[in-house]
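Worksheet for the structure shown next.
Going in written order, the chains are labelled A, B, C and D, and every chain counts its residues from 1.
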Amino acid sequence: MSVSPNVEEVNRFVDKVFPAMRVSCLEITEIHALAVLTVDPDELRPGGFVSGPDQFRLADAVLWFLTFGAIGRVEEMSVTSELSIRFLRPAIGQKLYARADLEVQNRRSVVGSVHLWCDDKPGRRVSTGQGTYALPLPK
Amino acid sequence: MSVSPNVEEVNRFVDKVFPAMRVSCLEITEIHALAVLTVDPDELRPGGFVSGPDQFRLADAVLWFLTFGAIGRVEEMSVTSELSIRFLRPAIGQKLYARADLEVQNRRSVVGSVHLWCDDKPGRRVSTGQGTYALPLPK
Amino acid sequence: MSVSPNVEEVNRFVDKVFPAMRVSCLEITEIHALAVLTVDPDELRPGGFVSGPDQFRLADAVLWFLTFGAIGRVEEMSVTSELSIRFLRPAIGQKLYARADLEVQNRRSVVGSVHLWCDDKPGRRVSTGQGTYALPLPK
Amino acid sequence: MSVSPNVEEVNRFVDKVFPAMRVSCLEITEIHALAVLTVDPDELRPGGFVSGPDQFRLADAVLWFLTFGAIGRVEEMSVTSELSIRFLRPAIGQKLYARADLEVQNRRSVVGSVHLWCDDKPGRRVSTGQGTYALPLPK
């Protein structure tokens, strides 16, 4: 049976293969992942809000981590096949958090749901999404 | 009757209110917009591909420009309400292009479809999406 | 303050305005709704599965009920503006259930997440989706 | 090289394996499909409109036909993995049409975009969507 990689393993892996992601993994199990993005004040969109693309970046990253947890290994070649996101309210804060929960895993893909919030307000969701990561097929 | 803002007006506006977007408008009419993102080699994801979040960022930007074209003015407070994106093939190139086409405009929102490609290969789409921009409601 | 309509009120309303829906409301509060569709064996798709469109029909209905709960009244003119659905595993059973949970409500729309399952297997989700109902705007 | 099945072949296949679909294929090639659903007046939703689920049913069907065209055969076990739909304006008419265009085909899936309209008004789209059909994997 597979065991989920731990947080340190995930963060070392991301630092190595995709440092531009700028997202840290905080928690990971077989069925969920938690991640954080520290907001760069220069990247705020008009109104002082965390931009939609920054929210998407975090949502996409936490689904990647969820995929690692679900399949039991970090996997460079798992890639997003589709992701839909809905913006619920203005995102104001210093840190943006996202939690992904597993919907299903099969041999071709991992599907998860994501919720995002700012700072210490998990009950005040700023966006939500669902997406699919495709797994490498056996040759 | 409204007239679409021109490309220079859109790019000046973006430079002023949201320079972090790093996307340029190339064409704008009442029913379409074309935009380009110059790929930063430091931002490539594993495999040397333009990342999904960078593709989303461009898709979101070109839908914003489409909204300006459809409503006949640049509008800081038009915001994405939802966007879904599907990744079709690896994105390899120096420049990423996106074209948005208007699906509908009404008093509350603008809906558009987007296609993305790299360099001089418009027939080789790397991703496609659809999304909704919410318009400010009259007070 | 608004009070959610009760189950009987919702079902009487649906019987009157849209009997073709063939979905019953089982639970409704300000933040969730539960609904059931009795599967017609003649409507099964190849393989004996509940079809995707039947699952969509139930997902759309339970989001409508969620909207009634969130806004505190049955509202004929609330309409789906967008809905995305992901199919997780084959749907086999006599009864299809769906639960919708509120993501946000504002003056223009209600956003919710939906999970579907068959018979007595709520832990074995067959599909999941997210969608937006547009509310009638004040004149 | 594969050749797309023709319209008669598709309609005979659907009549046999899934008659409840009630959708006819009108055109099919390797990169597009056209289909029609004859609206049942008893199925109209409040306001006299073609319901969202009926529109989804047609969108899902035409993407199935597109899949047959793209892979060069009717395939019972190709199934929708995800579909998102946006409703653009009220759908009023006797016949609902949908056209699907191929976005990409690879060995695991077919992705397409869909547009729907009523009667003889192809320029007046009532909804639009994008979706993915999963192909059976080689054993």
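Here, a contact is a pair of C-beta atoms (placed from the backbone, for glycine too) under 8 Å apart; a residue touches a chain by one contact, two chains touch by 3 or more.
Note that the structure is predicted; figures quoted are calculated from it, not measured.
Chemist: Taking CA centroids for every chain, report which one is farthest away from subunit D.
Modeler: A
Chemist: Between A-B and B-C, which chain pair is linked by the larger number of C-beta contacts?
Modeler: Between the two chain pairs, A-B has more contacting C-beta pairs.
Chemist: As a quick test, compute the distance in whole Å between the mean CA positions of subunit A and subunit C.
Modeler: Spacing between the chain centres: roughly 27 Å.
Chemist: Taking each chain's centre as its mean C-alpha position, how far apart are subunit B and subunit C in Å?
Modeler: Each chain's C-alpha centroid was found; their separation is 32 Å.
Chemist: Measure off the straight-line distance from the CA centroid of subunit A to the CA centroid of subunit B, and report it in whole Å.
Modeler: So the centre of subunit A lies 23 Å away from the centre of subunit B.
Chemist: Check each residue of subunit C and list the ones that touch at least two other chains.
Modeler: Those would be 81-82, 84, 86, 132.
Chemist: Going by the contact rule at the top, pick out the subunit D residues touching subunit B in the complex.
Modeler: Within the complex, subunit D touches subunit B at residues 84, 86, 88-89, 103-104, 106, 111, 113, 125, 128-130, 132.
Chemist: Quick one: in the complex, what on subunit C touches subunit B?
Modeler: 81-82, 84, 107-109, 132, 134, 137
Chemist: Which residues of subunit D touch subunit C in the complex?
Modeler: 17-18, 20-21, 42-47, 51-53, 56-57, 60, 76-77, 79-87
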